[in-house]
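In what follows, a single structure is set out as structure tokens and then discussed.
Chains here go by letter, A, B, C, D and E, matching the order in which they are written, and residues are numbered from 1 within each.
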């Protein structure tokens, strides 16, 4: 999707670094994260478990666990978040950002009627009246595709299936008409068929409401075809960042490429040997000096173990990757 | 009734009309309903289906690992010449060195207080093998999954990563030298990069040892990769069973098609067009008559509401339980990006 | 009596340590203040009572006298009526005695009463003549302490054999009002009491408070008028504003029983060694946490008319004690004893102290067994399962009978050590058989001689009783064993003038 | 029916990673370290270790007088010396010495009662949790009945039967804790039985007894260890109450409750003499509670993290 | 409608059956125990000078020489006939005595519980500011309070407040219905002694519960939505923490009923705790049985109420 002329960054992170203390020393959970997301665009964040996807989201939202030290600059709609007092920051984020979390079972309060959970942010941030909030909530419920929204309003979360809950979460995220919608592994716990529906819903909403969206997933298939840009995280580092179609068609970082070829594909015949990635993700308490992927990289050279590669640009100007020895560019076949 | 055709003649496991129901709070719930299939030696049968469709229950029912207290199961499970379901518990225990299981969560399938050597040797201890034989078999099993006994022996499970744990779990099963392993979502909790290792390993072992595998997964891509034949489950019933190509290229059952369409694929060329479909899942506790899928099925007609479709051969050779099976190629199957 | 400044009216609360179990006038025990008899007295009144000098005085009856210790005359007061209207006359008194003599009544005094019940003769409605089978100088005091209550025969008849059903109908100073079991008892003034203007109080209450400290605090705070206890318990609270202590000068003995039928103490040397081994002054100090106790030299203390300095108990002499212990060990009879007592905190201290002192000697082994209070008598008296059995509290000793016979006579009810001596029995009988004070004194001198020789008991202290009371409390007139006569009690507006 | 008396501080979660729980709930199992302990928790642990050492070796403390023999005059106020630290009691014994010997009494009761309760509770709980059905109902009933009785009172009545004897106290106190251990063990077995390793063992052909004893039992230990200190603190309190009421440890033997009771009599005259035994009992209960909290906390943390 | 009620009926009936079984077990144990207790009512009635024969005779008269089960059955029979009998010594109707004294204990227990409720807001505050100074201080205070046994608190408070300072009466009671002011005066110390422990306990449990709840995903979601902390605490954290708090309150009540006898006998408060203690000592078995029965019934009711509370608080719980 091409950026419309009026677009400007809704969210940008500059040199963001997160650190946390643990028994085995300080953990470098995120290192030097840079990206910026324009209005009406969708960003996919992918990476293996523990890569720091959720931490990134949490640090941006200001709901990181106690003890996480965040450095760098985060701007939301042009405002520097770190300059704000926690309360103002929470209010700003609450109004501008809607978020859907991974586990639909646990992210709705089982003790509170879903209607109230949907409308409460509206009441607090936008000062809606009770009746107004209620009609908004019901409207949103039907918008996300729940049957009988009037009745559902008074139901408790356990009365819904996982997919429905995720729809309710989406409705709740929309109450303040946010500019940015974040879905952190929003479909991981769902069955494939339901996953598809929820993803479709997210995508529809994004388009209809002209929002920006961040889609976090460890499943490359989820972000492919549904996002404009993609950010590949590995061990707390951004290893590749660029237009989704570019990155998938033309992965430059060796980790991205290895990840893509390790996935069993639907078009391979049975018993095709998969490409494996030996070793394990880096230990955050004791990072290697050079490229975090170097110990597992088949084409790693001495330099890779010593020097942390900087982000370099590919042929496509906004396609960036952190690899000393990137894969060759494949010609566009379109 | 023979609802499937095994790859070769040497059928080692045959499941006939298996039904399992659980009672919960006085209510009965049929988790597996009249399921029949067979597995040949050296063959991998994939079981796919959405959550709650009864995959795990089938696997455990075969190995008689369901809790006695609230379970009722019917049907016959024959392993070679033995009817497992009628064996005494002592005799069943003796059968267990031939039938093994691998679980989804590798860490939770290990007793955290045991070290790796004890874990792998456990089956041999239970089967009463002498210590000398144990040692060599443990070593062999570990080396089959790429570990060296000496370096891992004293370590505890939590000192290993998920993929390593799953390999140890495989070694544990291999140590007793089984002929059939039920793998219950063995890669579901693993990251893509390690998932590939485990899948490759299972394939190698299967080939080397002529092992039969029942491979349970909800990931259709993984199942496609590992399986010779695939059974698709919906609400406790097999709706379609056939070879991989049959199922993946010409799925006959609308449910199979729904599943396949929903699989997220890494396809950079295709911008996915969202549709507004929404599934209404029928209740398991109050089963309606007729085909269970009909409320979600675009092709449903009156007959689907009235009669449960019997399993019949589809044109491409697979068996399907549908009144209106498809016979055209699945859309989009041909257009996959090549990498 | 010093009740010139008595005021009528008002309410008084007396703290009791435990509740009564029954209103049965025949079932009595424990002549100590705050004990069950104290509470029955409010309703029934003592027929006769023993005063502070040990003399038998008329209570509900006018007098009980005898010239020869064999024929006793009980004179009743005219026009005394039970609160149900029936006359408190000879018939009623004899009815109560007969009832007590009947084994079905299960009266503790049954053996005593039945021994003379056949000699009872009603002379007229106000006079009863009792002819004893053998002379007993102490008949009056025994009667006063073991069977002093007379209830309305009608009320007793009505209850039949069910003791619990007995309604408290007496002719005493107070009328029973309410009883909240285990908590409190409440009485109101008997308007028809024979000794007008007494009783003074409109309401008399007994509150049951188990904890000593709580009892003391309650008196100090004015929640109750009085409690019985010992100065060591009161401590500085005795000096609290509006609070005083009052001594009831009835001397009593602290004693313990040697097992005379089995075990270490059957050997006289062991008993002697025990006397030598323990410093009684120190023992009393340990027991009461107060200094200055004078150790009695024999059964009768200096305050007693029968006191005789001639024969004294062995005194504290550790060297001699060790000698005797060694001698016993050498004879193959090592000094190895079991102390039995019940588990109240004072007795715990006492037994621990004894154990501590004795084990400091060579060749001595001491085991302590503390039982439930209710179990002490069965264990000591019935099973005789002890070497030294220590009962708590003091026994009124100097009035001599009936306590001295109970303790020292063969088969006496308090003779837990099963001490048996013909000489002792003879002297005790002789003392009882006469009303002649010199003969009595001579007989008791012999008794003391035998006590000093035989060492039947371990006597280690004497003490009087004390009350902790509010200073607005007046009319303290003790009777039997220190039980206050309820009809004299009154409360002053402010503090009462010192008596 | 709700589990009566269920210790609310403890909630065995369904998906704890056991290895971690074990390592952290029983720190001494791997290293003699208390990971993540606050200074208070550390001090509490040291105090308990000292207490156990005192209980075992009090006879060998140099200069400590016997708790049975007099040390000074009656009711002496505290002074700055080993034996006179807490003063002397009403018959001249060193309160400090008696407090230390009292530790032996308390620790002995705690140890034996806990053993009785633990062994029986574990047995009942494991049977109930593994076989469910009638076993579970019977054990629940038993535990509920225990919890529905005013425990101290029943113990008191029991003790009154045989006279205050150490054996009775230990046994009865032990019986009253069976319910809790059984409940914890039952909950543990149920949650363990849902784990795949139990299934894996059965798939290997393990018999029920092997599954129970070799697989499940070792994994119940963390949960049991986490409730144990709290129950032990309860034992100390109950034993103290009994001795305080005069139904506890027979008199000459030093016991904290008994010492508090006898100091209570003299409270109005020598209030400081009550300080020693109260300090002992309070510190001990505090230490046990603190360690219990610490272990439960670690157990919870582990559960949450997994 | 009927079908909806069925599970409730079943759930309640199973609870009742369990309750009845517990009741039988406990009351039977009480009979067995009391028959084992040393001495006997007869001994106590007849006093120190009674002979063993006399005691045996009175025991026969009272039926105390019958086997335990016979006595239990006859007691049970009487109970079924609604006849609790009269107290052994004072001949008061047991039902009246027990109810009157239970009212006293209840008053104290409820007041103590009410006092202990202040633990909840404190817990809320400290849990939302974990490891800050107030949290640390409150936690230390509560741990220390939990370490002081009730009997020690009773001794110390009665010494301090009754004997030395004389702020509150050392003993005694006035009925709430007759003299509310005096009643307040008398309950103060017992309530204080009982509630200290409870407050600390409730505080700790509530704090832990709040801390746990505040770590739930839905709290993170609420925070991510920018909802203010106080709003989150009251609207999202309070209810999830309630079941645990309710359990503790149920336990507190039973603790206070069962543990009241030290407090009650020390302060001579005429409640069931003291009554049962003195009844055990004086072998008033009918009274002991009646109180135990009442206690068990109360326990069962309290736990049923707690269950009901769960169902009201937690929409997921459907009485079962």
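As a working rule, a residue touches a chain if its C-beta (ideal position, glycine included) is under 8 Å from a C-beta of that chain, and two chains touch if they have at least 3 such contacts.
Here the structure is a predicted model, which is why all the values come from computation and not from measurement.
**Q** Could you run down the chains that neighbour chain A and chain D together?
**A** B, E
**Q** State which chains count as neighbours of chain C and simultaneously of chain D.
**A** E
**Q** Could you grab the centroid distance between chain A and chain C? Build each centroid from C-alpha atoms only and quote it in angstrom.
**A** Averaging C-alpha atoms per chain gives centres 92 Å apart.
**Q** Round to the nearest whole Å and give the separation of the Cα centres of chain C and chain E.
**A** Centre-to-centre distance between chain C and chain E: 41 Å.
**Q** Based only on mean CA positions, could you tell me how far chain B sits from chain D in angstrom?
**A** So the centroids are 48 Å from each other.
**Q** Give me the residue numbers in chain D that touch at least two other chains, ranges are fine.
**A** Each of 160, 163, 264, 267-268 in chain D touches at least two other chains.
**Q** If a residue has to touch 2 or more other chains to count, which residues of chain C qualify?
**A** If we look for residues of chain C contacting two or more partner chains, we find 213, 216, 237, 371-372, 375.
**Q** Could you please specify the touching residues of chain E with respect to chain D in the complex?
**A** So the residues of chain E touching chain D come out as 14-15, 18-19, 21-22, 25-26, 29, 33-34, 36-38, 140, 143-144, 146-152, 155-156, 159, 163, 204-205, 208, 212, 215, 244, 247-248, 250-251, 254, 257-259, 261-262, 273, 276-277, 280, 292, 295-296, 299-300, 303-304, 306-307.
**Q** For the complex, give me every residue of chain B touching chain D.
**A** 60, 63, 65, 69, 92-94, 96-97, 99-101, 103-105, 107-113, 122-123, 126-127, 156-158, 169, 172, 176
**Q** Which residues of chain D touch chain E in the complex?
**A** Contact set of chain D toward chain E: 1-2, 4-6, 8-9, 40, 140-142, 144-145, 147-154, 156-158, 160-161, 163, 233, 237, 240-241, 244-245, 257, 260, 264, 267-268, 271, 274, 278, 281-283, 285-286, 289-290, 293, 300, 304.
**Q** How about chain E: which of its residues touch chain C in the complex?
**A** 38-39, 41, 43-50, 52, 54, 57-58, 61, 86-92, 97, 155, 158-159, 162-163, 166, 169-172, 265-268, 270, 274-275, 278-279, 282, 284, 287
**Q** In the complex of these two chains, what residues of chain B are touching chain A?
**A** Chain B residues touching chain A: 50-51, 161, 191-197, 199-200, 203, 218-222, 224-228, 244-245, 248, 258-272, 274-281, 333, 336-339.
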